[in-house]
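Pasting the structures in now, so scroll down.
In the two complexes below, chain A is the common chain; its partner is chain B in one and chain C in the other.
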Partner chain A sequence: MTTINWLTLLVREIKYFTNFENKMYQFLLFFQPLMFLSIVYFLNEYRGDINDGRFVIASALISMWSYVLYSSGSALTSQKWSDTLKLLLVSPVSLSAILMTKVISNSFIAMFSMLLSFIYAKFIFNFKVEIASYTLFSIAILVLILSLSVMGLILAIVFVAFQNVYDYQNLILTPMVLMCGVFIPVEQFPLVVKVVSYIIPMTWGIKSVYEALQLSSPIYTTMTISILISLFYLLAAFFIIKRIELLLRKTGKLGAI
Partner chain B sequence: MFINKYGLTTLSYKAVYSYQSIKLFILFRIVDPFMHYIFFATLASALVGTSYLKFVVLGNIVYYTCQTMMINFINMFRMERRYGTLELNIASPTNTLYVIIKKGIVPLLDSLFVFLISIILGGILFDLNLPINNIVNIIFLCLVTMFTMFCFSLLFACISLVFSNVNLFLNITLAFLQIFCGVNFGVNKLPEVLEFISRLLPLTHSIEALRTIYRITKYEVTSLLLKELTLGFCYLILSLILVISMEKLARKNGELFKDI
Partner chain C sequence: MSKIIEVNGLSRTYKLKEGLKTALDNVSFEVEKGEVFGLLGPNGAGKTTTIKILTTLLLPTSGEVKIFGYDVVSDSNKIRDKINFVYGGEKGVYGRLTAKEYMHYFCTLYKIKNNNQNDLINNLLTLVQLHEAENQKIHTFSKGMIQRLHIARCLINNPQLIFLDEPTIGLDPLGAKLLRDIVKQLSEKGITIILTTHYMQEADELCDRIAFIRGGKITLIGKPDYIKKSCNNLNLFEATLSINDIEKLQKENFFRNLSIKTIKEPYYIINFEANEADIEFIMKYLSNFAEVLDIKKKEISLEDAYIFHMREVINK
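Right, the complex of A and B next:
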């Protein structure tokens, strides 16, 4: 697929999902950050010395992850429901390229909710988000987007491979937020949970963002690990999607589709 | 009477209740509330420390119970609309309100189960020991809260018929309740006008009463529950007016709302 095609698809996906006519994900993108920021704001009244930046980002991360889970998770199954999967399979573009476009666009759209969180935090709640280095923070956000895209890809595969996973997606949402260290750093978890957390690419993306916010010393190491883990999963996902595509072309059905 | 095999309650349960297998029921009626409490308990612990944990969990127990009731109700109305039985309900010689109340028994029992299991979960996981000497108050709270939630959910489900995207309306309402009913923080932290609004919402007094029963806050339980009961009656009257008006409108026009 040429770069221009890929970009067109990306832009179209972004336009479609951020269009106000499309109410599907409006709550996650626009209202959920507002809800969590309100909770943080009023809970702050009990203590007063909360690290504003960390919790503004935590609010944004919850919405970002929710959006990726619901949108990328159903990236392929939704094509089945709208009867466009056949068209995708016979199109001259590979399934992995289509899926990659979808999950990357979803991660970029998820980033809007982070931007919105910052706007709400600044103009509605008057939170002080002190970013030590904007350059490093932007790079960390890109690292997070990569990890979210990979998570989206994994979800898309899992949702296709197993029947009825879609029914359980609400149950995946909360444990992931907790395990990836959105509220409490992974280092404080029991060993077994810590090991599981560290093999989730999103954990490292989130860690990168938090470390970039405070300019913690291991930031470069964390970002490198995040990129490497994401690339590893990306490569694995690429081969699995190839296999899925072959099976679908051969048998016409697989798991949930 | 309620266990009539072909009664409205049983048929409604069979037709629209989402979690009919044991596996799904355990996952969504025990595991999901548990995850919800863990999530908000962690949020509160990370923000203000563990001393605040019980306060948040108790608020979320009442909230989650209400969420269960509202989702059930909205699902019932949505399915009726999708399968075209909403018109049949109105056209049938049985009183529409009687039909709604009979079908509403499923959401009521479902929420009651969630409330009871949440109280048990709270005791096991968050050291929220049930104050046995206050059991009468707990039973009273349970009855009053269920009644108010039922009336509010009925009103909410009726209004939802106006919206083309029910999910968005549901999520915004639930988020509104999360913030304005004192689920995670006391409503006294809200600005005066917002606190006034929060006192008109269904969960606020029940949450304060439950926290008082568990000796986390100090309020007058009976007074709180009486206020909640009064609110419940107000919601009931509003929902009755709405149901009757919508029924009249539907009979007159031959449809409820155009283009939805």
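Right, the complex of A and C next:
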């Protein structure tokens, strides 16, 4: 598949399949940041020592992660439910390439919450969010989108592998937010949790965004690690998706890996 | 004519909790270029499994299947470029998209250049008579419109072989006729079509050759006329009677697979099968129960032949 064709597919994915009419997605993208920022606002009123910038980003990150979890997680299973999976499977584009357009599209759409968080923070709550370098911050956001997309791809696979995962997806939501260092820096975690946190690609994407905000010195290293870890997971995901395709042809079922 | 499909000793088993289930057992057949080939059989006979294997969606357990000379196991990508399929029912669409958006999405998946997409989509939607509904959301479509959209979608890659798995299921007579007309048009263009259906009249009208599949095995294969002639020893009669005691007739073992339609008491039309072929004898025998107003030996239809061949399965 040519890059142009793949980009066209990505644009069509964003244009055709972004579902702003879905009430849950409306809540996650538009209202959840408002809700979290209200909490931050009243905490600040009460304590007065809240780091505005970090918490504006944190509230955006929670919404972004929630949106990616729910939308990308069902990227593959929803095709099975609508009986469109076999149409995608016999098309000349690989399932991995199709899934990549879906998860990248979801990560881009998740960016709405980041944008909205900044707008709410500035115009409703009057928070001061100081971004030292807009260029670096933008690059860090792209790094975050890559890590979120890879997480989306992994979720899509996990949702296929475990049929009852929908019963537990809410249990994945909050621990992941905590473990990726959205609120508390990963360095402060116990060693075992720290190790697990560091192998999650999103941890490094989030770290990059926070470091870009404050222009911390290791930002380039953090971004490089984030990209490398994301690429490693991307390769692993491609391999597993190939295997899912083969198993589908062998068993005729989209089920446990 | 060249062979488009070659199936030799195809078997497929599924692992179930209860053990292995054989869906296809040593199936062999060939399909020539430009043929409309019908696969007919009861539910669970193995039709969809066959189609899934031929469309490279499922691997065979054993046997050899070649499409355009390519092996379905190792050359699936080469086959996929030249085929497409339509599954019956309302699924397989993205309801929130319009017909045009749906077609654009699949055009991109099939790597059709952006410049050519609009013309292609217009032509295909016109062919299936959906051009006026191109900007309508698919979830507002009727079953017939969805099936026609599927046909348009399956023509995007200009396939030489199309699989239609029960395409007219659940359609009203007009919708089904429209779809049959489209299938005829495609066949006239030289496209090879594999059709599965439960509607025997449809199969009779559309298919050049038919295979009966039962319990994972092909039991009969040939032109519709050949299949009908294979039941030449089947004696089917239709009689119009005036009868006072219909129950007495029902208890009579002479008339097998008896079906009774009431016109207005005491007038009935009965259909039955008999060992005896002589109509005079049958008439005489019937006279013992009723006044025979009319009697004729029925010409065997594909449906009669189907019921005759599938009887054991149907009676299970």
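Points to keep in mind about this one:
By our rule, the second predicted complex is superposed on the first by the 243 of 257 C-alpha atoms of A that agree within 3 Å, B and C clash if a C-alpha of one lies under 4 Å from a C-alpha of the other, contacts with A are read in each partner's own complex, and residues count from 1 in each chain.
By our rule, a contact is a pair of C-beta atoms (placed from the backbone, for glycine too) under 8 Å apart; a residue touches a chain by one contact, two chains touch by 3 or more.
Not measured: the values here are computed from a predicted model.
Annotation: superposed three-chain arrangement on chain A; chain B versus chain C shows no clash, the two fitting side by side.
Contact with chain C, but none with chain B, is seen for A:S82 once the two complexes are overlaid on the shared chain. The superposition places the C-alpha centres of chain B and chain C at an angle of 90 degrees about the C-alpha centre of chain A, rounded in steps of 10. Of the two partner chains placed around the shared chain by superposition, chain B is the only one that A:M35 touches, whereas chain C remains out of contact.
Once the two complexes are laid over each other on the shared chain, residue contacts for A:Y168 go to chain B alone; chain C is not touched. Looking at the shared chain after the overlay, A:L142 reaches neither chain B nor chain C.
By the document's definition of touching, neither partner reaches A:V196: not chain B, not chain C. Within the superposed three-chain model, A:V93 lies in touch with chain C and out of touch with chain B [touch as defined at top]. When both complexes are overlaid on chain A, the residue A:V177 reaches chain B alone and has no touch with chain C. Of the two partner chains, chain B is the only one touched by A:L43; chain C is not.
Contacts of A:V129 after superposition on the shared chain: neither chain B nor chain C is touched. Shortest separation of chain B and chain C in the overlay equals 13 Å (C-alpha atoms, whole Å). Looking at chain A, you'll find no residue that touches chain B in one structure and chain C in the other. Remark: chain C residues 14-15, 49, 52, 55-59, 76-77, 80-81, 83-85, 87, 89, 91-97, 101, 104-106, 108-111, 114, 153, 157 touch chain A in the complex. Chain A contributes residues 23-24, 26-27, 31-32, 34-35, 38-40, 42-47, 50, 55, 58, 167-168, 170-171, 174-175, 177-178, 183-184 to its touches with chain B in the complex.
By the touch criterion given at the top, residues 24, 27-28, 31-32, 35-36, 38-39, 42-49, 52, 164-165, 167-168, 171-172, 175, 178-179, 184-185, 189-190 of chain B touch chain A in their complex.
Interface residues of chain A, counted against chain C in their complex, comprise 1-2, 5, 8-9, 12, 16-17, 19, 21, 82-84, 86-93, 98, 248-252.
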